[in-house]
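The structures come next, written out as structure tokens.
Note that chain A is present in both complexes that follow, paired respectively with chain B and with chain C.
Now for the complex of A and B:
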């Protein structure tokens, strides 16, 4: 009987860049200093054109090593779900500040004044042609993205789903925001990416598999916590429950 | 390398955000769109902004843009003939 498994993860946050297939050996660097060559050996000349949110998402996703996990046939039936608290707020502020400073608005920045543009960038890079969804909320947005991804794969709508929780807001944007009478926390960026796949089509063993077996559950509230659990446990992370009611991912037999 | 051609290549890299590219990697006679550098429609808008801000040239007709942006060589000849700055 087919199931849904987590076959890869990637992280880019204040603790560094890491993931299933690749670990960056560079020292932690902020978004402004991050170049594509720090993340991957494969050419991707458009990385410099991305806004901060897309760069963070792209860097975390690259740590999964998607091309090693699926071919073009599965990629065409893979979708993306994205959870974000701040969305494209940083880019919105940059766009407004740029438009005031110059005679013309920046067309590239304008394209990124929409948080779901992240999904588009990822879909183009990895050949994903499945459904996309973007969720913005103060809390639980990452777990919601993971829950939706799980149901899309479990229902057979998709063969795979890239589920992300991403936020990027930086000092420069916050300074510009102050000129617009907004008070923002500064310098926070985090990106957590998980690749879910139908266990029938995936090669190899999953890092964690969703299994509805009752047990002693440990609920988590964020994908950052799931990342931490996978990194500390390696494989064999039995996820027992995920649902909309409590918006939490439950891990069997784990201490929080 | 012709100074203007070099200047255009540096300008394209800077304004279009190709951080990891060097000017020498852009072929002077290669197409800018689809093949060659593989620019897209938003890059085209950025080039229009670049021409206005750096050379005082306004592109008002999108069809004109398709001809002008055929290659760096074609673009440099257009800029030489029409620049205001």
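Now for the complex of A and C:
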């Protein structure tokens, strides 16, 4: 069994874009306006071809600074766990509106009618060749993704795992939904990403540590809450436990 | 002898029929459920064939469920789940559910749209459908969906096995379901991935896949030495090609890695595999990729039999991994490998041992299931009869 720590995080939500690598100084923007240059200095032409879900996931992940935390050897043993409530609903609606109602076929759009395509985009971008899993439930998606990521690294199946909770809808998806008499929240997006690594192979100290705490009530709300705790580090935040079953994450009030 | 994760119940409905007996008989007799598509505007697609569950089968399901108002996907999922649960007397409060699917009940959503009414359908969301299936079956454990394209089924079974191993669940019902819809028929048409004829996996003349529909369910439990099970799960793995969103890696490196890791986990060498239940979609790239991966692992030995069931039941998308695992269980019980329907002439770069007739399954050996999907994902599962190792 390996020790597992959180070595990086990133967020893209209504409160802004931030993460281990840096806090973006750009003004908050909706997903329709998000450009790759807002989150990275590296050229990545595929970004414009991604759907809303992948864009949100990619933006949050980019804020981790993965290339500074692991080399290609660890990346090839790194997997991805994704939790999402609505998945690719927006793209589903776009595809149906275009391909079926308007008879405009778009193979690229169809590929994004699977939520796990997000994992494919992230795997290509970062060279992650380990296990993938995309979880969908009404609650606890992100917590499930984080816990499963922990177990995959702890068991030695992976050396690292990118764990995400992502939901995103384009404005145009909501418009298309109205055509179908569906009510969707407009321009809704949130993405939280955490990089878990085996403490034996990772350089530096983790931001957070995992531990089993049988008998303690460690119910965790969401990965958003975990982001908030990490961002409060250095402000005398006491050890905070946030968990799933008996598994808890401790975020310590200390500078890295 | 310790304990292990076993399949202790199974249920299935496909274009070949309802229940494992009907399906197995059809497989061994090389029947195909791929027929002329009805109930859809076939001129909208690049094919007019698919493997649909027959109205006779649906009527039987509705009759057994006592409710013909349920949607196609929902009723199939519940029925298959009930059949798997019926094989063991387990307190449903202790059972968690994982739903394996690509598009869940999108057909219900489409039907609502076509009726021109306000859409109240919610089961197009896999997470919602998972919860509702669990509630319908009175299961008290967790309920969530795994949606990893065409590898969803094996990844859901792997997920269940992991949860049992570490004690996160006492029993796991894994239900895989996907149904034909205008959405998927149009989508695969625009990808130019559909064959105008029934799919012919691994054949020289193969030119695409045939879509199918159905549901499969496996009940997973920890099995102690001396306890009976339909099959024991020996090893598994999942990988990502990290190369392309819709196309597999040409040389099958990701799948090869997933096979090797599953063998290593099982503590087996390649000689212990007697049958490979391939993904075998019938597309040029997928079948070529699988031949490279299999040859790289099994190339220096007498190769195990390998078949695809897509020529029988079509490609059931997110349900395929569960459905084809269920359909492989009788291989262990009857010691027969059914033929690979649609295969005549070897059409992949690396020679494979694809049977055209039923052949004996070597007793004591194991089955390797493998599935790959959009997003570059690969999943493998090794299972066999016998006791926990």
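The working rule: the second predicted complex is superposed on the first by the 217 of 256 C-alpha atoms of A that agree within 3 Å, B and C clash if a C-alpha of one lies under 4 Å from a C-alpha of the other, contacts with A are read in each partner's own complex, and residues count from 1 in each chain.
One rule holds in what follows: a residue touches a chain if its C-beta (ideal position, glycine included) is under 8 Å from a C-beta of that chain, and two chains touch if they have at least 3 such contacts.
All values reported here derive from a predicted model rather than from experimental measurement.
Enquirer: For the combined arrangement obtained by superposing on chain A, do chain B and chain C clash, or do they fit?
Expert: On the shared chain A, the partners fit.
Enquirer: Tell me the contact category for A:115 with respect to chain B and chain C: first, second, both or neither.
Expert: Second partner only.
Enquirer: Per the contact definition in the header, classify A:45: touching chain B only (first), chain C only (second), both, or neither.
Expert: In the superposition, A:45 touches chain B alone.
Enquirer: For A:144, select first, second, both or neither according to whether it touches chain B, chain C, the two together, or no partner.
Expert: Touch status of A:144: second partner only.
Enquirer: For A:37, select first, second, both or neither according to whether it touches chain B, chain C, the two together, or no partner.
Expert: first
Enquirer: Of chain B and chain C, which one touches more of chain A's residues?
Expert: C
Enquirer: Chain B and chain C, closest CA-CA distance after overlay, in Å?
Expert: Minimum C-alpha separation, chain B to chain C, in the superposed model is 7 Å.
Enquirer: Name the residues of chain A shared by its contacts with chain B and its contacts with chain C.
Expert: Looking at chain A, the two contact sets intersect at 106-107, 111.
Enquirer: Going by the contact rule at the top, pick out the chain A residues touching chain B in the complex.
Expert: Listed in rising order, the residues are 35-37, 45-50, 102-104, 106-108, 111.
Enquirer: Under the stated contact criterion, what part of chain A meets chain C in this complex?
Expert: So the residues of chain A in touch with chain C come to 79-80, 85-87, 89, 92, 95-96, 99-100, 105-107, 110-111, 113-121, 123-124, 126-138, 141, 144, 148, 151, 155, 157, 180-182, 245.
Enquirer: Could you pull out which chain B residues touch chain A in their complex?
Expert: 16-21, 42-43, 45-46, 49, 52-53
Enquirer: Please output the residues of chain C touching chain A within their complex, sorted ascending.
Expert: Per the stated touch rule, the residues are 102-103, 106, 110, 113, 117-119, 124-128, 130-131, 143-149, 152, 155, 159, 162, 166, 168, 182-183, 186-192, 237-246, 254, 257, 373-377.
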